[in-house]
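Consider the two complexes below, in which subunit A is the common component and subunit B and subunit C are the respective partners.
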Partner chain A sequence: MNEILFSNPVIVYLLSELILFVLLLIAFIISIRVLIHWDFESFSPLQFKLEQQAYLVTTITLFVFSMKFLLLLYFAFTVDSLASLIAGAMCSAGVIDANEYGSPLLALKLLILFGLTLWIWVNFYDLRTKNYQWFKEKSWIFMVMFIFITIELLLDFTYFTHIDTHQPVSCCSALFGQLEGANPLPFGLNISTLLILFYLLFALVILTLLTHQSLLYIVANILFLYIAYFAVVYFFGTYIYELPTHKCPFCMLQKEYHYVGYLLWISLFLGSYIGINSAITALWLKEENQASIKIVMSLLSFFVLLCSTYVAVYYFKNGVLL
Partner chain B sequence: MIQIENLYKTFQHENTSTTVLNNINLHIQQGECIILKGVSGSGKTTLLSMMAGLDKPSSGKILIEGEPISKLPDLFASQLRAKKIGMIFQHFNLFDHLSVRENVMIPLIPSGLNINEINQKVTQSLNLANISHKKEALASHLSGGEKQRTAIARALVANPNIILCDEPTANLDRTNSLLFIEILKELHNLGKTIVVATHDPLFDNVSFSNTIIPMQEGTIVEGTVVNE
Partner chain C sequence: MLNNAFFHFLTLQLFKERSKHIGIIIISVLILFLLSSVLFISSSLRHSLNETLQVQPDFVISKVQGGENRATPLTWSNELLNIYGITHVSPRVYGRYFFKSKAKSFLIVGVDFLDEQAHKNLQKLIENIDIKTFLTQNSMLVGEGVKEYLAHNFYDKSYNFLTPKGEFKTVKIFQTLPTKTNLIGNDMMIMPMDLAREILGYGEDEVTDIGFNVPNPDEWTMINDKVSALHYDVRVVNKKEVQQSYEHLYNYKGGVFLMLFLILLSTFMLILYQRYSMVHSNERRHIGLLRALGWSIHDVLKLKLLETLSIVFISFILGVVTAYIYVFIFSAPLLKELFLGGQNLTSTIKFTPVLDFSVLSSIFFIYALPFISAVLIPVWRVAITDPKEAML
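Right after this comes the complex of A and B.
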């Protein structure tokens, strides 16, 4: 336990999470007071004070939420750096699987990232109204996110304090490999149908994005995100590793693979999160942003292009597919 | 035009609170010239900052052409200020390393006008402030009076309806101060609404219609003089 807790990346990571949480706690306490008494039409001393405090809360939240994006990347780096300390772990996959808290923590972090992106969108629109039109909506999202972030902090500490370095863990081949012929792909798909679905869903995402069909776009992008994960792990990843049996979403984050995993996962998740949240705000707040379409298209196209390039380059170099 | 109701401003420092504006009520019509007179610390500059949306009140209402500038988010307060308000400061607030023309041009940069339109407006403004002969000179090479006329040209370049002047003659000699008052007269004749915060006695006898409002310790006190 000490080996993990006293490793430099873990100390830096947990300390950063703690500092950000303290800032959010301050913002949370102020937010409750602001939400209870908020009346924008009033010119009273209390309302002017609340407006100043709301500005402070927004500044703190925007800063903390921006840092949380960077900290998620640092979490991936931290977990990867622990692989050398844990028996049997070859990459982050084994470290995440070292106890029962790792996978829920990772899932929670991805969920929080989604919530933060939604808050940033609502904040973006709120600051473009003369009367802070979306202030209450923004504050409620913040409240919910604060609860999730509190759970995340507890899970962070529980996870890192419960890693037993002497207990052997499974490596990624065992975790993501095809054991005893079982099909790990969803809906009983095989690789060919998975790939067809991957490219079709990408086309549908772009089409619905350009035609502003928000509801259909949300469904298409969620499906694309889900299918893209399996496509990367079980098909494109093998071309990154240049090994048909190497199936892992984490190894590609390592130096040997030029940290390409960061590029892939950031472009996929950020593109999808921005797109889905932009569509949600279009349906919910009736606010649309043309710039978000360009950003989402760029990020998701980059993701698909990068995945496909690995396959094409391998084929041109070796004349065969894996 | 400018409507101020029940305006208070209090500064809090540790456990001490200082009220610098205390229940200010003021209605200024389009084309009026208001001279806020009072000694240092009477709240003139704070009141002017509130009118310009540079500072927020502790409570109370300020409407600029119906818009509650005291409640607007920074983005909208800046937009309102850029369109409707020109400010002239005691210390001129010029960029010393830029020329007179460049200083005057600055407020128009975010406006989206093309360079020909900008140049046209800058020339008009320089002529109005009587500083066009120095347009290529660096601001750091100007005399106090010339700096103030550059500041006037900058305040006028976006053609605002309201001109706010904070101690505009405090750094000028008598001749330049009288010149400044002459320019104010021209602006008044153009129908601009002018608010001057000053303690300069030269403003007691200006040759155009104005209202002198005395301020003391953050309040408007008795003795308002209307000069027709």
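Right after this comes the complex of A and C.
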């Protein structure tokens, strides 16, 4: 038997995912029926029954979503705790790379979280209308998400059962750091242009948010998300670790750095997800929400501020930059 | 809907139906108590072991013959010193000494009290002792378990060791080790290295093994290869391997427990499902009344779910707090035997309180998530009660 499966967090994590999946499966079966027979104009007993069942689907999905968000954090933590069991791994980077399922799983998790935030958004508008105007749209999003979550569950199990504790893996500095002169940054950027782009994109995101340029905003925010990832790994991260050669998106989740990574990545991803989703619904359902703009602005500004503070503090302490 | 009046109503509701909830809360607290105690013990032990490992040498080499450790020649330590990158080479002498009945054993650890490096690791243990008087005669420091066992067998002041040569060696009990070190120090006897050699039957230029440090972690694999190439009969063990095997051991113990716990958990879920599906006609009428007063299904659902959440949180806090008191204040009677094994000297361990995010979130996920999942559907079924039907 694989030793990894005895690790307590892994047992807890897999169990939680399994239970949530069973709930979702029930919701999925119900919502297929609901989607086929749904007709809001009808006064048949069937329609009344369907409306009642729709409540169950909504409740389950809301519950699963909130748990999925917590479970993603728990997953990051679980993977981190495995680092000491696997030869060569010093943080999650190595563990995620321990087999070919790790990175797709992580990407899928982020995608699912995005889809679920979109669902929450549409659900929010749907509940505000008296006639369940967006019910079909909401259900379709749920269907698609269910397929993704099924794949995710399969990947979860294949990933954890296929980790080999004896085969050495690379540590983060091997994965992100020394690439023998090759430039890891996209579009042929270097560090200074990366930073200029980072701050410019941030400004663009804020401007488009304030002027309600939804389409432009979506493009800007996706680009910002992409650039921010590289900026954190290759520039801001080095200030968090206070070591110019330490380039890793995962190590900052550890205790040595006061778990600042959780704060950093949550503010970035949550901010972007909320923003993009509210822009999508603005274009699609023609519904606007002023509160979300404020939330997005504060989350993203917090992210940028936190990153910059690390550089500033380092400069004040040591009088030089790395 | 989420305003003061609503929460007031929720509290009143909880109080009014307390007899219904109390059973669930008691079972939950019991389950949580068992689960949290085990996880607390396991994480506390792991923490203490990790702390102990921190001060251990990075590498340990010893001579092997047929897969068994043999006495290691002291000359090897000089060869190690010649390798660039190795620091703090410290030969160690230790071993088990079996008490005459062979049922119990002590761990004898020889320490070079004049060596600065060995001294530093022991600093905390021997802070209060006067080394000069300690070294003038044959004396030793003993763990609490040893002290107790010897006193029980009428060795109050000193103990007569029987060396492999058949001679008796009287060693004075100088002092007991601090209680904090009980996890490793309970059955330990610390004495000067030459004395330990004599009692354990090592020759003058022999040691049990040799520890050394490699400060740069990037050099670990390379040093490993170099040292392995020095002799054909050398075994090299590094700290990470030791840590891994400890981790495996405790994961295994906790993991087996958790897997058995899953059976309990599924029973618990089933009970919850049944419990929440059974709805009194009284309660149905209650819901019907609320619906007739203009509450939507959504509001009733919210009320019922918040009710469940309150129960989950109340029992979560109660369970975790009692487990905390049981483990860290009363040091977990009965349960700790599962983790420590009490065959040898009885140990009186105080667990170091470790309460981190990981343990708490694990407890939350394995308890609250199944709980809420089990009651979602029954709660929904109650919430959609038709007002007209309920009033009949």
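Here is the rule we use: the second predicted complex is superposed on the first by the 320 of 322 C-alpha atoms of A that agree within 3 Å, B and C clash if a C-alpha of one lies under 4 Å from a C-alpha of the other, contacts with A are read in each partner's own complex, and residues count from 1 in each chain.
The rule is simple: contacts are C-beta pairs under 8 Å (C-beta built on N, C-alpha and C of every residue); 3 or more make two chains touch, one makes a residue touch a chain.
Quick caveat: nothing in here was measured; it's all calculated off a predicted structure.
Student: Answer with first, second, both or neither: which of subunit B and subunit C does A:52 touch in the superposed model?
Tutor: both
Student: After the superposition on A, what does A:286 contact: first (subunit B), second (subunit C), both or neither?
Tutor: It touches nothing on subunit B or subunit C.
Student: In the overlay, answer first, second, both or neither for which of subunit B and subunit C A:317 touches.
Tutor: Neither partner.
Student: With the two complexes superposed on chain A, say which partner A:44 touches: subunit B (first), subunit C (second), both, or neither.
Tutor: first
Student: Looking at subunit A, which partner touches more of its residues: subunit C or subunit B?
Tutor: With both complexes superposed on chain A, more residues of subunit A are touched by C.
Student: Touching A:127, do we find subunit B (first), subunit C (second), both, or neither?
Tutor: In the superposition, A:127 contacts both subunit B and subunit C.
Student: Determine, under the contact definition given at the top, whether A:23 touches first (subunit B), second (subunit C), both, or neither.
Tutor: Second partner only, subunit C.
Student: For A:166, using the defined touch cut-off, is the partner it touches subunit B, subunit C, both, or neither? Pick first, second, both or neither.
Tutor: It touches nothing on subunit B or subunit C.
Student: Which parts of subunit A are in contact with subunit B and also with subunit C?
Tutor: In the superposed arrangement, which is not itself an observed complex, subunit A uses residues 52, 127 for both subunit B and subunit C.
Student: Show me the residue ranges of subunit B that touch subunit A in the complex, using the header's touch definition.
Tutor: That would be residues 5-6, 8, 56-61, 68, 70-73, 75-76 of subunit B.
Student: Under the touch definition given earlier, write down the residues of subunit A that touch subunit B in their complex.
Tutor: 40, 43-45, 47-49, 51-52, 127-132
Student: With touch defined as at the start, can you tell me which subunit A residues reach subunit C in the complex?
Tutor: 3, 5-9, 11-13, 15-16, 19-20, 22-23, 26, 52, 55-56, 59-60, 63, 67, 70-71, 74, 77, 81, 84-85, 127, 259
Student: Quick one: which bits of subunit C touch subunit A in the complex? Just the residue numbers, please.
Tutor: Result: residues 39, 42, 240, 243-244, 247-248, 251-252, 254-256, 258-259, 262, 297-298, 301, 305, 357-358, 361-362, 365-366, 369-370, 372-373, 376-377, 380, 383-384 of subunit C touch subunit A.
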